[in-house]
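Several structures are given next for inspection.
You will see two complexes here that share chain A, one where it goes with chain B and one where it goes with chain C.
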Partner chain A sequence: MTEAFWALGRASGVVLLLLMTVSMLLGLLTRSGRPLVRLPRFGVLLAHRNIALLSVVFLGVHVVSLLLDPYAQLKLIDVVVPFGAARAPIAVGLGAVALDLMLAVAITALLRRRLGHRVFRVVHWAAYVLWPIALLHGVTAGSDGRSLPFLALSAFTATAVGAAVVWRMTDHFVEYRRIRTEPAR
Partner chain B sequence: MSASTALHIDWTRCRGRGMCTELLTGLGRDEWGYPLVAGGGSDLPIRTHDVEAADDAVALCPVLALSIRPARPTR
Partner chain C sequence: MNAREQGRQAARSLTTVLALSGIAVVGGMGVSLYTGIEAAKAATVGTGSGVGASQSSAPLSRSQDQDGQAVQGGQDDDGTQAQQAAPAAGSSSSGSSSSSGSSSSSGSSGVSAGFGFPQTSSTGS
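After this line comes the complex of A and B, so read on.
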């Protein structure tokens, strides 16, 4: 049974990496204001929101399964307060930092209309910090974190998110940007 | 049939991201991508079959530029 918790903890971690990567890509696409092939703009936004919320659910599975796993030696406080864990404090602590940031991003997104756009936007930027921290946590804390398949998956997701961030910083990222910045005649 | 509520666009917040123009048939898009209310102005009268779509547009606007307010009486 204890082996099952370990397996679930690892599997949910891999699923989390995939969900968080897709959420980042869809979030960036939402910001660009562009549709995705046949998916309209509001569809991209809803897909981003739902996949991000799904990753919060998988984060719950990830944390609970590792709390129940005796080998991980994880205490409840290590889940939220970083760098105090008995086993691999730095690697597990990165996970705690990512969890804290993800909860902040999720809660402010859900309360967006009550908190106002400015608070939502500033906290939402934490996603750019949270995603690489979570990836680093996967590589350092995962028992197969340095295995070839996981490193390959990590490199693939990092390339995808990195490319999207580079696109984000280019001039014509936002739809209609070209026509909006055209000098008036 | 006169609409009792209107979808109000706060132009100081609108960045023309186009979600509302996909959700509401009465909203066009101008050449810079901003929503275009037929007949001009900032208030789109919400017809009965558009009530849910208007609620969705308010909830989904990425910059919180939309609100629902009582429609002003027509001249």
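After this line comes the complex of A and C, so read on.
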């Protein structure tokens, strides 16, 4: 039975990486103000929110399955407090950091109206740190971390997110920036 | 249906598709990994190494970490703390087993769960 939890933890971790990548890409697209094929601008934002929340659900499955797996030797405190785990403290600690950041980003996004746009935006920047930490956690802590398929998947997702972040830093990232900044004639 | 409703519907459909795909992948991959682990355990015990391989009930397939080193600790299936995790499958019966003489099992078990499942090997003599 413990192997079932282990298998569930591994599988949910892989899916979580994919969902986080899609959410990250849609978040960047939202910021650019561009539509996506058949999705209008507000639809991209809606999909970004939904997929981010879906990631939190899969994160819950990932954590609970590994907590129930006695071989992982994971305690509840190791999930939220980084670098104290009995087994692979650094690798598991990276996962704890990613989880804390993800919860912070999700909670501030849900409480955006109460907290204000500035707080939301500052905390939301943590997503740029969260994603690579989560990827590093997958590569270092995962049983599949150094297998060829997982490394290929990691390289693919890293390339996609890296390219999107580079695009984010270009002048033409925001669709209507030029129109907004051009002086009225 | 106006454009706003269509956009909302498209976003909802995308989320639903991703959610269902995620569940399907987790289910499929989970079952695949689980059956791989069970098959590896059965193969290791079956081909294995006589007395030594079955001495510990710690998950055999996880007796090695990514670097191939034996992992200490862990618990048995019945929840009791194992004194020591099973060493690399088959290696616990180092040398010839008293019950079966020299065992002829060698090579890897050849069972793979697809996604980087660590293969066990038994090279007893």
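By our rule, the second predicted complex is superposed on the first by the 180 of 185 C-alpha atoms of A that agree within 3 Å, B and C clash if a C-alpha of one lies under 4 Å from a C-alpha of the other, contacts with A are read in each partner's own complex, and residues count from 1 in each chain.
The definition used in the following text is that a contact is a pair of C-beta atoms (placed from the backbone, for glycine too) under 8 Å apart; a residue touches a chain by one contact, two chains touch by 3 or more.
Everything numeric here is computed off the predicted structure, so don't read it as measured data.
Asker: With the two structures overlaid on chain A, would chain B and chain C clash, or do they fit side by side?
Answerer: They fit side by side.
Asker: Touching A:30 in the superposition: chain B (first), chain C (second), both, neither?
Answerer: Only chain B; A:30 stays clear of chain C.
Asker: Tell me the contact category for A:145 with respect to chain B and chain C: first, second, both or neither.
Answerer: second
Asker: When the two structures are overlaid on chain A, which partner does A:14 contact: first (chain B), second (chain C), both, or neither?
Answerer: Second partner only, chain C.
Asker: Under the stated touch criterion, which partner chain does A:175 make contact with: chain B (first), chain C (second), both, or neither?
Answerer: So A:175 only meets chain B here.
Asker: Considering only the touch criterion stated at the top, classify A:42 as touching first (chain B), second (chain C), both, or neither.
Answerer: In the superposed model, A:42 contacts both chain B and chain C.
Asker: Which partner does A:4 reach: the first (chain B), the second (chain C), both, or neither?
Answerer: In the superposition, A:4 contacts chain C only.
Asker: Of the two partner chains, chain B (first) and chain C (second), which one does A:114 touch, if any: first, second, both, or neither?
Answerer: The answer is neither, since A:114 touches no partner chain.
Asker: For the superposed arrangement, I'd like the angle with vertex at the C-alpha centre of chain A and ends at chain B and chain C, nearest 10 degrees.
Answerer: 150
Asker: Is A:51 touching anything from chain B or chain C once the two structures are fitted on A? First, second, both or neither.
Answerer: In the superposition, A:51 touches chain C alone.
Asker: If you take every C-alpha pair with one atom in chain B and one in chain C, what is the shortest distance in Å after superposing?
Answerer: In the combined three-chain model, chain B comes within 5 Å of chain C at the C-alpha level.
Asker: Identify the residues of chain A that lie in both the chain B contact region and the chain C contact region.
Answerer: 40, 42, 46
Asker: Would you pull the chain A residues touching chain C in the complex into a rising list?
Answerer: Spelled out, the residues of chain A in touch with chain C are 1-4, 6-8, 10-12, 14-15, 18-19, 22, 38-40, 42-44, 46-47, 50-51, 54, 58, 61, 70-71, 73, 86-87, 143-150.
Asker: Spell out the part of chain A that touches chain B in their complex, as residue ranges.
Answerer: 30-31, 33, 40-42, 45-46, 112-113, 116-117, 175-176, 179-180
Asker: Quick check on the complex: what are the chain C residues that touch chain A?
Answerer: Touching chain A: residues 3-4, 6-8, 10-12, 14-15, 18-19, 22, 25-34, 37-38, 58-59, 61-62, 66, 71, 73-75, 77, 79, 114-118 of chain C.
Asker: So in the complex, the part of chain B that touches chain A is made up of which residues?
Answerer: Chain B residues touching chain A: 13, 15-19, 22-23, 31-33, 56, 59-60, 62-64.
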